[in-house]
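All remarks here apply to the structure that follows.
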Amino acid sequence: MNAITESFIVSTRGKGTYAITADVEEILVRSGIKTGIVTIFIQHTSASLVIYENADPTARADLHCFFEELVPEDYPGLIHTAEGPDDSTSHLKMVLTRTSESVPVASGRLQLGVWQGIYLFEHRNAPHRRSVVVSLLGN
Amino acid sequence: MNAITESFIVSTRGKGTYAITADVEEILVRSGIKTGIVTIFIQHTSASLVIYENADPTARADLHCFFEELVPEDYPGLIHTAEGPDDSTSHLKMVLTRTSESVPVASGRLQLGVWQGIYLFEHRNAPHRRSVVVSLLGN
Amino acid sequence: MNAITESFIVSTRGKGTYAITADVEEILVRSGIKTGIVTIFIQHTSASLVIYENADPTARADLHCFFEELVPEDYPGLIHTAEGPDDSTSHLKMVLTRTSESVPVASGRLQLGVWQGIYLFEHRNAPHRRSVVVSLLGN
(Lines give C-alpha, C1' and ligand atoms only; values in the text may rest on other atoms or scores of the structure.)
Protein backbone atom coordinates (compact mmCIF):
# COMPACT_ATOMS: atom_id res chain seq x y z
CA MET A 1 0.00 0.00 0.00
CA ASN A 2 1.37 3.39 -1.00
CA ALA A 3 0.48 6.89 0.22
CA ILE A 4 1.63 9.80 -1.94
CA THR A 5 0.81 13.51 -1.69
CA GLU A 6 1.71 15.91 -4.51
CA SER A 7 0.49 19.30 -5.69
CA PHE A 8 0.31 21.49 -8.76
CA ILE A 9 -0.47 25.10 -9.61
CA VAL A 10 -3.26 26.33 -11.88
CA SER A 11 -2.91 29.88 -13.23
CA THR A 12 -6.41 31.25 -13.68
CA ARG A 13 -7.48 34.21 -15.83
CA GLY A 14 -10.51 35.23 -13.79
CA LYS A 15 -13.93 33.68 -13.22
CA GLY A 16 -14.64 30.38 -14.96
CA THR A 17 -13.82 26.68 -15.00
CA TYR A 18 -10.38 25.24 -15.81
CA ALA A 19 -9.91 21.56 -16.74
CA ILE A 20 -7.50 19.70 -14.43
CA THR A 21 -8.34 16.06 -15.22
CA ALA A 22 -5.09 15.57 -17.16
CA ASP A 23 -3.00 17.00 -14.29
CA VAL A 24 -4.56 14.54 -11.85
CA GLU A 25 -4.22 11.60 -14.25
CA GLU A 26 -0.55 12.38 -14.84
CA ILE A 27 0.15 12.15 -11.08
CA LEU A 28 -1.83 8.90 -10.87
CA VAL A 29 0.03 7.25 -13.77
CA ARG A 30 3.41 8.30 -12.36
CA SER A 31 2.49 6.86 -8.94
CA GLY A 32 1.95 3.36 -10.31
CA ILE A 33 -1.13 2.89 -8.09
CA LYS A 34 -3.61 0.46 -9.64
CA THR A 35 -6.41 0.22 -7.04
CA GLY A 36 -7.36 2.83 -4.47
CA ILE A 37 -8.53 6.40 -4.09
CA VAL A 38 -7.34 9.75 -5.40
CA THR A 39 -8.35 12.77 -3.31
CA ILE A 40 -8.18 16.18 -4.96
CA PHE A 41 -8.13 19.18 -2.60
CA ILE A 42 -8.01 22.90 -3.38
CA GLN A 43 -6.18 25.07 -0.82
CA HIS A 44 -8.37 28.16 -1.29
CA THR A 45 -11.68 29.61 -0.10
CA SER A 46 -12.43 31.75 -3.19
CA ALA A 47 -12.05 28.95 -5.73
CA SER A 48 -13.47 25.43 -5.67
CA LEU A 49 -13.64 22.08 -7.44
CA VAL A 50 -16.43 20.58 -9.53
CA ILE A 51 -16.81 17.41 -11.54
CA TYR A 52 -18.84 18.56 -14.52
CA GLU A 53 -19.98 17.74 -18.05
CA ASN A 54 -16.81 17.63 -20.17
CA ALA A 55 -18.07 17.60 -23.76
CA ASP A 56 -20.24 20.62 -24.59
CA PRO A 57 -18.90 24.05 -23.50
CA THR A 58 -22.47 25.36 -23.24
CA ALA A 59 -22.95 23.21 -20.13
CA ARG A 60 -20.18 25.10 -18.36
CA ALA A 61 -21.43 28.43 -19.71
CA ASP A 62 -24.76 27.72 -17.99
CA LEU A 63 -22.89 26.80 -14.79
CA HIS A 64 -21.07 30.13 -14.78
CA CYS A 65 -24.29 32.10 -15.41
CA PHE A 66 -26.31 30.22 -12.80
CA PHE A 67 -23.76 30.89 -10.04
CA GLU A 68 -23.53 34.57 -10.99
CA GLU A 69 -27.29 34.81 -10.59
CA LEU A 70 -27.49 32.72 -7.40
CA VAL A 71 -24.70 34.76 -5.74
CA PRO A 72 -24.46 38.07 -7.66
CA GLU A 73 -21.76 40.61 -6.86
CA ASP A 74 -24.49 43.06 -5.82
CA TYR A 75 -26.04 40.59 -3.37
CA PRO A 76 -27.59 42.88 -0.73
CA GLY A 77 -26.26 43.08 2.79
CA LEU A 78 -22.86 41.39 2.47
CA ILE A 79 -20.25 42.92 4.80
CA HIS A 80 -17.09 40.92 3.96
CA THR A 81 -16.20 43.04 0.94
CA ALA A 82 -12.76 44.40 1.88
CA GLU A 83 -11.33 42.94 -1.35
CA GLY A 84 -14.28 44.02 -3.48
CA PRO A 85 -17.73 42.75 -4.47
CA ASP A 86 -16.23 39.39 -5.57
CA ASP A 87 -14.83 38.71 -2.06
CA SER A 88 -17.64 37.26 0.08
CA THR A 89 -19.49 36.10 -3.03
CA SER A 90 -16.45 33.95 -3.94
CA HIS A 91 -16.57 32.19 -0.60
CA LEU A 92 -20.31 31.55 -1.00
CA LYS A 93 -19.87 30.07 -4.48
CA MET A 94 -17.04 27.92 -3.12
CA VAL A 95 -19.10 26.55 -0.23
CA LEU A 96 -21.96 25.60 -2.57
CA THR A 97 -19.57 23.48 -4.68
CA ARG A 98 -16.62 21.41 -3.38
CA THR A 99 -13.24 21.79 -1.67
CA SER A 100 -12.32 18.10 -1.85
CA GLU A 101 -13.36 15.36 -4.22
CA SER A 102 -12.42 11.66 -4.03
CA VAL A 103 -12.29 9.52 -7.16
CA PRO A 104 -11.88 5.73 -7.09
CA VAL A 105 -9.00 4.10 -9.01
CA ALA A 106 -9.18 0.70 -10.72
CA SER A 107 -6.76 -0.82 -13.24
CA GLY A 108 -4.60 2.26 -12.74
CA ARG A 109 -7.28 4.60 -14.10
CA LEU A 110 -9.46 7.28 -12.54
CA GLN A 111 -12.99 5.81 -12.52
CA LEU A 112 -14.61 8.90 -14.02
CA GLY A 113 -17.71 8.49 -16.14
CA VAL A 114 -17.49 9.15 -19.88
CA TRP A 115 -18.87 12.68 -19.56
CA GLN A 116 -17.12 13.68 -16.32
CA GLY A 117 -14.23 16.10 -16.15
CA ILE A 118 -12.53 17.58 -13.08
CA TYR A 119 -12.50 21.38 -13.08
CA LEU A 120 -11.11 24.13 -10.92
CA PHE A 121 -13.86 26.75 -10.50
CA GLU A 122 -12.34 30.24 -10.12
CA HIS A 123 -14.66 32.74 -8.43
CA ARG A 124 -12.46 35.86 -8.42
CA ASN A 125 -12.28 38.36 -11.28
CA ALA A 126 -8.51 38.82 -11.17
CA PRO A 127 -6.05 36.12 -12.31
CA HIS A 128 -4.80 33.91 -9.46
CA ARG A 129 -2.30 31.12 -8.91
CA ARG A 130 -4.27 28.27 -7.32
CA SER A 131 -2.73 25.32 -5.51
CA VAL A 132 -4.31 21.87 -5.87
CA VAL A 133 -3.13 19.01 -3.64
CA VAL A 134 -3.56 15.41 -4.79
CA SER A 135 -3.34 12.48 -2.36
CA LEU A 136 -3.17 8.92 -3.63
CA LEU A 137 -3.74 5.84 -1.50
CA GLY A 138 -3.69 2.30 -2.84
CA ASN A 139 -1.80 -0.68 -4.20
CA MET B 1 -4.23 -2.93 4.34
CA ASN B 2 -6.63 -3.71 1.52
CA ALA B 3 -7.79 -1.61 -1.43
CA ILE B 4 -10.92 -2.75 -3.25
CA THR B 5 -12.96 -1.04 -5.97
CA GLU B 6 -16.38 -2.38 -6.97
CA SER B 7 -19.47 -0.93 -8.63
CA PHE B 8 -23.20 -1.45 -8.92
CA ILE B 9 -26.07 -0.20 -11.08
CA VAL B 10 -29.16 1.67 -9.91
CA SER B 11 -32.13 1.70 -12.27
CA THR B 12 -33.98 4.96 -11.71
CA ARG B 13 -37.59 5.76 -12.66
CA GLY B 14 -37.15 9.50 -13.13
CA LYS B 15 -36.52 12.38 -10.72
CA GLY B 16 -36.20 11.54 -7.06
CA THR B 17 -34.00 9.89 -4.43
CA TYR B 18 -33.15 6.17 -4.34
CA ALA B 19 -31.74 4.49 -1.21
CA ILE B 20 -28.36 2.82 -1.76
CA THR B 21 -27.12 2.37 1.83
CA ALA B 22 -27.75 -1.38 1.75
CA ASP B 23 -25.82 -1.77 -1.54
CA VAL B 24 -22.79 -0.03 -0.04
CA GLU B 25 -23.01 -1.98 3.22
CA GLU B 26 -23.18 -5.27 1.35
CA ILE B 27 -19.89 -4.47 -0.44
CA LEU B 28 -18.31 -3.44 2.87
CA VAL B 29 -19.33 -6.62 4.70
CA ARG B 30 -18.10 -8.80 1.83
CA SER B 31 -14.72 -7.00 1.83
CA GLY B 32 -13.97 -7.92 5.45
CA ILE B 33 -12.57 -4.42 6.11
CA LYS B 34 -12.97 -3.43 9.77
CA THR B 35 -11.31 0.03 9.97
CA GLY B 36 -10.89 2.51 7.14
CA ILE B 37 -12.81 4.57 4.61
CA VAL B 38 -15.50 3.81 2.04
CA THR B 39 -15.71 6.26 -0.87
CA ILE B 40 -18.91 6.29 -2.91
CA PHE B 41 -18.69 7.89 -6.35
CA ILE B 42 -21.36 8.39 -9.02
CA GLN B 43 -20.15 8.29 -12.63
CA HIS B 44 -22.69 10.80 -13.97
CA THR B 45 -23.22 14.55 -14.27
CA SER B 46 -27.04 14.54 -14.29
CA ALA B 47 -27.46 12.52 -11.09
CA SER B 48 -25.73 12.95 -7.74
CA LEU B 49 -25.31 11.59 -4.22
CA VAL B 50 -26.74 12.87 -0.95
CA ILE B 51 -26.65 11.64 2.62
CA TYR B 52 -30.11 12.55 3.89
CA GLU B 53 -32.72 12.00 6.59
CA ASN B 54 -33.72 8.32 6.30
CA ALA B 55 -36.85 8.03 8.44
CA ASP B 56 -39.64 10.34 7.32
CA PRO B 57 -40.40 10.42 3.56
CA THR B 58 -41.65 14.00 3.89
CA ALA B 59 -38.04 15.13 4.41
CA ARG B 60 -37.12 13.82 0.97
CA ALA B 61 -40.32 15.21 -0.56
CA ASP B 62 -39.21 18.67 0.61
CA LEU B 63 -35.75 18.04 -0.85
CA HIS B 64 -37.23 17.24 -4.25
CA CYS B 65 -39.49 20.32 -4.22
CA PHE B 66 -36.74 22.68 -3.03
CA PHE B 67 -34.40 21.67 -5.85
CA GLU B 68 -37.16 21.99 -8.45
CA GLU B 69 -37.74 25.56 -7.27
CA LEU B 70 -34.04 26.47 -6.96
CA VAL B 71 -33.29 25.14 -10.46
CA PRO B 72 -36.62 24.97 -12.32
CA GLU B 73 -36.86 23.51 -15.82
CA ASP B 74 -37.94 26.93 -17.10
CA TYR B 75 -34.90 28.68 -15.59
CA PRO B 76 -34.37 31.63 -17.94
CA GLY B 77 -31.38 31.88 -20.23
CA LEU B 78 -30.01 28.33 -20.16
CA ILE B 79 -28.47 27.32 -23.49
CA HIS B 80 -27.37 23.70 -22.83
CA THR B 81 -30.81 22.23 -23.53
CA ALA B 82 -30.11 19.88 -26.45
CA GLU B 83 -31.60 16.99 -24.45
CA GLY B 84 -34.52 19.04 -23.13
CA PRO B 85 -35.31 21.39 -20.24
CA ASP B 86 -34.00 18.82 -17.72
CA ASP B 87 -30.52 18.78 -19.32
CA SER B 88 -28.56 21.76 -17.96
CA THR B 89 -30.78 21.90 -14.88
CA SER B 90 -29.71 18.33 -14.03
CA HIS B 91 -26.06 19.33 -14.08
CA LEU B 92 -26.78 22.33 -11.85
CA LYS B 93 -28.65 20.21 -9.30
CA MET B 94 -25.77 17.72 -9.36
CA VAL B 95 -23.10 20.34 -8.73
CA LEU B 96 -25.04 21.73 -5.73
CA THR B 97 -25.08 18.27 -4.12
CA ARG B 98 -22.29 15.65 -4.26
CA THR B 99 -20.44 13.43 -6.73
CA SER B 100 -18.32 11.65 -4.10
CA GLU B 101 -18.92 10.98 -0.43
CA SER B 102 -16.50 9.32 2.02
CA VAL B 103 -17.79 7.45 5.06
CA PRO B 104 -15.55 6.19 7.89
CA VAL B 105 -15.59 2.49 8.83
CA ALA B 106 -15.12 1.15 12.37
CA SER B 107 -15.81 -2.36 13.70
CA GLY B 108 -16.66 -3.33 10.13
CA ARG B 109 -19.62 -0.92 9.97
CA LEU B 110 -20.29 2.29 8.06
CA GLN B 111 -20.19 5.07 10.69
CA LEU B 112 -23.45 6.65 9.58
CA GLY B 113 -25.55 8.48 12.13
CA VAL B 114 -28.88 6.98 13.19
CA TRP B 115 -30.89 9.19 10.82
CA GLN B 116 -28.49 9.14 7.85
CA GLY B 117 -29.11 7.24 4.65
CA ILE B 118 -27.11 7.30 1.41
CA TYR B 119 -29.23 8.19 -1.62
CA LEU B 120 -28.74 8.48 -5.35
CA PHE B 121 -30.44 11.72 -6.47
CA GLU B 122 -31.77 11.37 -10.04
CA HIS B 123 -32.26 14.69 -11.82
CA ARG B 124 -33.56 13.50 -15.21
CA ASN B 125 -37.22 12.82 -15.99
CA ALA B 126 -36.60 9.64 -17.97
CA PRO B 127 -35.52 6.35 -16.34
CA HIS B 128 -31.75 5.83 -16.37
CA ARG B 129 -29.23 3.14 -15.43
CA ARG B 130 -26.76 4.83 -13.06
CA SER B 131 -23.34 3.45 -12.17
CA VAL B 132 -22.04 3.89 -8.62
CA VAL B 133 -18.40 3.02 -7.83
CA VAL B 134 -17.41 2.07 -4.27
CA SER B 135 -13.77 2.12 -3.12
CA LEU B 136 -12.76 0.62 0.20
CA LEU B 137 -9.44 1.22 1.93
CA GLY B 138 -8.54 -0.21 5.31
CA ASN B 139 -7.58 -3.16 7.49
CA MET C 1 0.05 1.79 6.47
CA ASN C 2 -2.27 2.63 9.35
CA ALA C 3 -6.06 3.02 9.48
CA ILE C 4 -7.52 4.79 12.51
CA THR C 5 -11.09 5.95 13.20
CA GLU C 6 -11.86 8.26 16.12
CA SER C 7 -14.63 10.71 17.00
CA PHE C 8 -15.33 13.78 19.09
CA ILE C 9 -18.35 15.77 20.24
CA VAL C 10 -19.07 19.42 19.49
CA SER C 11 -21.59 21.15 21.77
CA THR C 12 -23.34 23.80 19.70
CA ARG C 13 -25.28 26.81 20.97
CA GLY C 14 -27.66 27.15 18.03
CA LYS C 15 -27.20 28.22 14.41
CA GLY C 16 -23.71 29.19 13.32
CA THR C 17 -20.24 27.86 12.54
CA TYR C 18 -17.92 26.25 15.10
CA ALA C 19 -14.18 25.82 14.45
CA ILE C 20 -12.99 22.19 14.61
CA THR C 21 -9.60 22.40 12.87
CA ALA C 22 -7.70 22.01 16.16
CA ASP C 23 -9.73 18.93 17.13
CA VAL C 24 -8.89 17.25 13.81
CA GLU C 25 -5.21 18.25 14.01
CA GLU C 26 -4.91 16.86 17.53
CA ILE C 27 -6.14 13.45 16.33
CA LEU C 28 -3.74 13.59 13.36
CA VAL C 29 -0.69 14.45 15.50
CA ARG C 30 -1.51 11.71 17.99
CA SER C 31 -1.85 9.14 15.16
CA GLY C 32 1.71 9.66 13.97
CA ILE C 33 0.59 9.51 10.33
CA LYS C 34 2.91 11.56 8.07
CA THR C 35 1.47 11.00 4.57
CA GLY C 36 -2.10 10.12 3.68
CA ILE C 37 -5.69 11.34 3.97
CA VAL C 38 -7.88 12.53 6.83
CA THR C 39 -11.62 12.16 6.27
CA ILE C 40 -13.93 14.22 8.47
CA PHE C 41 -17.56 13.04 8.64
CA ILE C 42 -20.51 14.50 10.55
CA GLN C 43 -23.12 11.98 11.72
CA HIS C 44 -26.12 14.30 11.39
CA THR C 45 -28.57 15.57 8.77
CA SER C 46 -29.34 18.95 10.37
CA ALA C 47 -25.72 20.09 10.73
CA SER C 48 -22.92 19.97 8.17
CA LEU C 49 -19.24 20.65 7.50
CA VAL C 50 -17.62 23.51 5.61
CA ILE C 51 -14.05 24.54 4.95
CA TYR C 52 -14.24 28.33 5.11
CA GLU C 53 -12.29 31.57 5.45
CA ASN C 54 -10.67 31.44 8.90
CA ALA C 55 -9.41 35.00 9.48
CA ASP C 56 -12.18 37.60 9.29
CA PRO C 57 -15.41 36.81 11.22
CA THR C 58 -17.41 38.92 8.75
CA ALA C 59 -16.88 36.19 6.13
CA ARG C 60 -18.73 33.71 8.30
CA ALA C 61 -21.39 36.29 9.21
CA ASP C 62 -22.15 36.59 5.49
CA LEU C 63 -22.27 32.79 5.20
CA HIS C 64 -24.86 32.57 7.97
CA CYS C 65 -27.01 35.35 6.43
CA PHE C 66 -26.82 33.94 2.90
CA PHE C 67 -28.03 30.51 3.98
CA GLU C 68 -30.87 32.02 6.03
CA GLU C 69 -32.02 33.86 2.91
CA LEU C 70 -31.52 30.91 0.51
CA VAL C 71 -33.45 28.55 2.83
CA PRO C 72 -35.53 30.75 5.17
CA GLU C 73 -37.57 29.22 7.98
CA ASP C 74 -40.73 30.51 6.31
CA TYR C 75 -39.87 28.85 2.98
CA PRO C 76 -43.30 28.17 1.48
CA GLY C 77 -44.70 24.70 1.06
CA LEU C 78 -42.36 22.62 3.27
CA ILE C 79 -44.16 19.69 4.91
CA HIS C 80 -41.39 18.11 7.05
CA THR C 81 -41.84 20.52 9.95
CA ALA C 82 -42.72 18.19 12.84
CA GLU C 83 -39.80 19.59 14.85
CA GLY C 84 -40.49 23.20 13.83
CA PRO C 85 -39.63 25.59 11.02
CA ASP C 86 -35.89 24.81 11.38
CA ASP C 87 -36.47 21.09 10.69
CA SER C 88 -36.64 20.61 6.91
CA THR C 89 -34.70 23.82 6.34
CA SER C 90 -31.79 22.33 8.35
CA HIS C 91 -31.66 19.32 6.07
CA LEU C 92 -31.67 21.56 2.98
CA LYS C 93 -28.82 23.72 4.31
CA MET C 94 -26.90 20.53 5.12
CA VAL C 95 -27.31 19.05 1.64
CA LEU C 96 -26.07 22.28 0.01
CA THR C 97 -22.84 22.10 2.06
CA ARG C 98 -20.93 18.95 3.04
CA THR C 99 -21.30 15.79 5.14
CA SER C 100 -17.76 14.52 4.50
CA GLU C 101 -14.56 16.33 3.65
CA SER C 102 -11.17 14.74 2.88
CA VAL C 103 -7.93 16.63 3.54
CA PRO C 104 -4.50 15.44 2.35
CA VAL C 105 -1.70 14.95 4.88
CA ALA C 106 2.01 15.59 4.18
CA SER C 107 4.89 15.87 6.65
CA GLY C 108 2.39 15.01 9.38
CA ARG C 109 0.32 18.16 8.76
CA LEU C 110 -3.15 18.78 7.32
CA GLN C 111 -2.56 20.38 3.91
CA LEU C 112 -5.01 23.22 4.49
CA GLY C 113 -4.40 26.54 2.78
CA VAL C 114 -3.39 29.54 4.88
CA TRP C 115 -6.94 30.93 5.02
CA GLN C 116 -8.81 27.62 5.37
CA GLY C 117 -10.46 26.45 8.58
CA ILE C 118 -12.69 23.42 9.13
CA TYR C 119 -16.06 24.33 10.66
CA LEU C 120 -19.12 22.50 11.89
CA PHE C 121 -22.17 24.34 10.52
CA GLU C 122 -25.11 24.04 12.95
CA HIS C 123 -28.51 24.59 11.31
CA ARG C 124 -30.82 24.12 14.31
CA ASN C 125 -31.83 26.89 16.70
CA ALA C 126 -31.51 24.80 19.87
CA PRO C 127 -28.14 23.68 21.29
CA HIS C 128 -27.11 20.20 20.16
CA ARG C 129 -24.36 17.68 20.82
CA ARG C 130 -22.87 16.83 17.41
CA SER C 131 -20.70 13.81 16.70
CA VAL C 132 -17.82 14.16 14.23
CA VAL C 133 -15.95 11.02 13.06
CA VAL C 134 -12.36 11.31 11.82
CA SER C 135 -10.74 8.56 9.75
CA LEU C 136 -7.01 8.60 9.05
CA LEU C 137 -5.28 6.48 6.44
CA GLY C 138 -1.57 6.67 5.69
CA ASN C 139 2.01 5.95 6.64
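For reference, chains read A, B and C in written order, and residue numbers begin at 1 within each chain.
By definition in this document, contacts are C-beta pairs under 8 Å (C-beta built on N, C-alpha and C of every residue); 3 or more make two chains touch, one makes a residue touch a chain.
Computed from a predicted model, the values in this text were never measured in an experiment.
Asks: Counting only chain pairs that touch, give me the topology of the graph as line, ring, star, complete or other.
Replies: Basically all the chains touch each other, so complete.
Asks: Suppose you list every residue number at the chain A-chain B interface; are over half of them used by both chains (same) or under half (different)?
Replies: different
Asks: Fit chain A to chain C on CA atoms, both being copies of the same sequence, and give the resulting rotation angle in degrees, nearest 5.
Replies: Superposing chain A on chain C takes a rotation of 120 degrees, nearest 5.
Asks: Mind checking the centre-to-centre distance between chain A and chain B? Centres are C-alpha means, answer in whole Å.
Replies: 19
Asks: Chain A: which residues touch two or more other chains?
Replies: 1, 37, 96, 98, 102, 137
Asks: Quick one: in the complex, what on chain A touches chain B?
Replies: Against chain B, the touching part of chain A is residues 1, 35-37, 50-53, 56, 58-59, 61-63, 65-66, 96-98, 101-106, 111-116, 137-139.
Asks: Which residues, counting only chain A, touch chain C once they are in their complex?
Replies: 1, 3-5, 7, 37, 39, 41-45, 71, 75, 77-80, 82, 88, 91-92, 95-96, 98-100, 102, 131, 133-135, 137
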